[in-house]
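In the two complexes below, subunit A is the common chain; its partner is subunit B in one and subunit C in the other.
Moving on to the complex of A and B:
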């Protein structure tokens, strides 16, 4: 079989679409282009391997859920929870995405060029070398990084339209880095602001370079911009709440 | 003590009959709570540390130890009970929410105990299970609403309707979800072996699947809870079925926290979170804010596993259980688990454990009826759990409409647990609710798996006998067969909700 394949997804249900993608990967395809996507959910759900899937259109919810390995590039917006409980791999969205982007994500990278909805990065977590990364070019909404337990979440707010409250509600691991200043009133209890150190900046620079490269942006002004870093006030936010019988 | 309350009267008093004691120190070795210590030529006792786990009694070769509960009385008062007073002292000192271990301790009537089973006599005679086999094999999952047949080119008739994947159980008793972290790996391995031996299944709980359980993975139901601990595609593919935990009977409406102290290196690897960090499961799944979202999660899991595995969803029994079950049944789920208000837990806020939720018996009966009314009963199997204590409870739950049950505490008791309710301390001297290696190794899976398998076999035989006595030769004929139940001392409203007649009627 050829190393690349094109699928026309017009009027196709998600199950046969996923079956075709899986079959293509099983037969050794390294590049799969899916045209005419219009709301099909679960594309790439549980997909494993080392291939690049290019989606032309607007995928439905749970894009790349449980995905382990592949790269998915979306030329369009994405719906609810792309990268949900994703294990590894990469999702690049040339557009905006809905609520709960990167929900419970445990590894890999998600780049969203424009805006994301509510509770972005909720309950992202990390373990040993698995450290998920979510970078948003535009703005994020309320409850960004809620229950966050690990990983790196960067919001560049390129159009300066960010208006999120309750940031980091219940955060107990990981870090949220937002370009520009964040009003104290926008932080949930349990989250705290700390200065971005030179080491932090050096750490995020390669991530920002990779993001800028995907979308044809000049990385240097972004790397050198002012950022607010938000981390948990405690790794044990509930430790003081209970007494034993 | 820096308060105006002083010490609370002893909960238990441990005594040693010095005439019988031979000072072998087995009590000192066995007690992980530190009740006993040697001082010179005497074994000293600190009764305040005792949990009534009975480990010392069980291993004293001379029966020299005895234990008394509440050796010191308060002024007796029917309203201001010992427990209400002691909870106030606790909260006056700490200002915190009280956590407690194991199931509800509320002294409310158990409906199962007020349901009597039927037997055949003269008008229809009982069947003899020795001669006439009683079929207990149970299939969990969707059943087609109609069957279409076709004739193949060879002339034979074959099934044309595609069948959804089902789990096949040799007995309607499964082992419920208790996570690695809440209980030890040896406890999980013991139950997994018992499940394999008796042809049934076991739940992983929400703590992931330890590599030590991979040999039994075709007998494991892997759980996906709101924390998504240990969940990846490999985990989903290993399980025989997948269960989404939406609620728990011991603490309906709230999530869970496994405290950092219990997240050891091995637990951390299985849950895929850093060692020593709190494992927080939020109250809702934050990708499920509606019944439509639930359908999305179920279908995403099915897509990921190529529609080869049944997906269960577990909810706590609450006021509108029937509506909740009907909603779940419309969300592509294959089986609904209903966890009653007496369901067990490693730790739950006491106020939830003892006050929130409704009895399992009522929840099963109303769910079964609602599903039938809506024409959805074939879409989902019903699994009952939450303090199933004996084989009669299994038979009654099935007669009220369940397809199968999960047992949790009963399986732990089969491994030695004394229901002391101190699971949260992580010091379980029976090697069950602990991660301390010296305690875990006390539980030998070769021995404990036999005990759990024995319990399942014994109950299965009793169920067979009860069914034979009632002239029922297959589990399908028992399911939802409320006519084989009678309510004894239950009020008219409850009988109507259960759809069961009174004794004598």
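Moving on to the complex of A and C:
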């Protein structure tokens, strides 16, 4: 079996498409190119291994859901919740994505070149060495990092169009790092701003360098830019709201 | 979860239904196969001065004789006929006959009204839908018609041969049934004379909004959100004279804390709207597409709990639940955007 394979997905339902991708990987393919993608959901769902899947077109929602290992590169926009509960691997989107990007993501990396919709990074989480990363080149919308429980979420806002409110609503773990200043009024209760320390900057530098490398950007100005770091004000933001102690 | 799709040509260039069918089918995953529907403006040029009443008759009742008599009492039936249909084995079984009347209401029967013909039509729709067993008016506007049934989008389109109709503005809906029985009149779109509505979501303030709208003489007989939203838009725009952007702001108002941060004049306007129309404000997750003969509008709930993607290409404006649906009809779409929550997208047809 050849190490690379091309699939024409035009007018194909996602079930046979995913079956073909899975079969290709089982037969040893390491590079799979899928052309003519339009709206197929769940591409790469539950996929395991270390292959690279290149998607030409606009995939549907829940791209790379539960994925563990592979790299998915999208030349187009993605719909809702790419990286939903993703375990490990990498998703690179050369375009924008819809609402709830990285929904409940538990490991791996998602890079979005342009903008994301509402509720980016909703309930991302982390456990021991599992620490998911979402980096957005453009702007994110309101409720960024909603109920966030772990992981790293970076928004570079390269076109300076960000107008998100309610940032970190219900955040109780992880960190949101946004280039530039963030108005206090844009933070949700339960989230607080802290300075980005030199250690923080050193920690995110390799992530930004990798992001810049994917999209042909000069990493140094981004690494040295001013950032706002947003973290939980408490581990139990709604302790007094829903419980009585 | 439902799938919604709308397309408008700003220069009233006609589109047959085949592209709309294809776009809606792209979102089959958003439906459950129990309901779909289409509405198109511009389809009845030969009867453009008549109100086209699309009525579902349940064959078990003799609703047609009653409706005929009511229409003749309130105006003139220029023509009526069965809507042509073509059996589809996969549609949910029914004994419904879709019928259409081309009707001219007598304006002298609504004295004192600023829009007497529409008041006659409104009253007829309320009376038929609540009082005539086995008859449901599903659309009632000029040069417009709703085509819907219980089934997948393709089957519903094939049942009516939707490609045989040409319109300059279309809305379409693929239903994910949650809490209503799958009767043929239940799926969106819903229409009352000028306005048609499709919705993806659930208006959780339905009870409050329904009590409000029923206090103005509307009667909600279908218990669907789109019926309620249609009536609220008709009340606010036609009867209260609000511009559509203010009507949408009344339905999906900014949060109080956002109003407090606005410049004073804007804050005053928004406070006044919220106070005057508190009972028209709709909570819950939703994206709504609404249309009348001159415009198509789309908006989401304030918390943005449902998707809305906007595409533009030449004279065409597209609004849909998913980008893929727009690209299914317009592969070369020039711009794709996702508007902010509560921010209405308003496309107007050239006069």
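Brief remarks on what is shown
Everything that follows uses one rule, which is that the second predicted complex is superposed on the first by the 239 of 245 C-alpha atoms of A that agree within 3 Å, B and C clash if a C-alpha of one lies under 4 Å from a C-alpha of the other, contacts with A are read in each partner's own complex, and residues count from 1 in each chain.
Rule of thumb we're sticking to: contacts are C-beta pairs under 8 Å (C-beta built on N, C-alpha and C of every residue); 3 or more make two chains touch, one makes a residue touch a chain.
Here the structure is a predicted model, which is why all the values come from computation and not from measurement.
For subunit A, the partner touching the most residues, choosing from subunit B and subunit C, is B. In the superposed pair of complexes, A:80 makes contact with subunit B and with subunit C alike.
Within the superposed three-chain model, A:186 lies out of touch with both subunit B and subunit C [touch as defined at top].
When both complexes are overlaid on chain A, the residue A:41 reaches subunit B and subunit C alike. In the superposition on chain A, contact is made by A:98 with subunit C only, not with subunit B. Of the two partner chains placed by superposition, only subunit C is touched by A:117; subunit B is not.
Of the two partner chains, neither subunit B nor subunit C is touched by A:109.
Of the two partner chains placed by superposition, only subunit B is touched by A:65; subunit C is not.
Taken together, the two structures place residues 41, 61, 80, 119 of subunit A in contact with subunit B in one case and with subunit C in the other. Interface of subunit C with subunit A (complex): residues 26-27, 29, 258, 261, 303-304, 307, 309, 322-325, 327-328, 336, 338, 340-341.
The part of subunit A that touches subunit B in the complex is made up of residues 14-15, 18-19, 22, 41-42, 45-46, 48, 61-62, 65-68, 80-81, 84-85, 87, 100, 103-104, 106, 119, 122-123, 125-127, 130, 146-147, 149-150, 170, 172-173, 235-245. Touching subunit A in their complex are the following residues of subunit B: 90-91, 93-94, 96-101, 227-228, 231-234, 236-237, 257, 259-260, 268-269, 272-274, 277-278, 280, 282, 286-287, 293, 296-297, 299-301, 303-307, 349-350, 421, 424-425. In the complex of the two chains, the subunit A residues touching subunit C come out as 38-39, 41, 58, 60-61, 77, 79-80, 96, 98-99, 115, 117-119, 141-143, 163, 165, 185.
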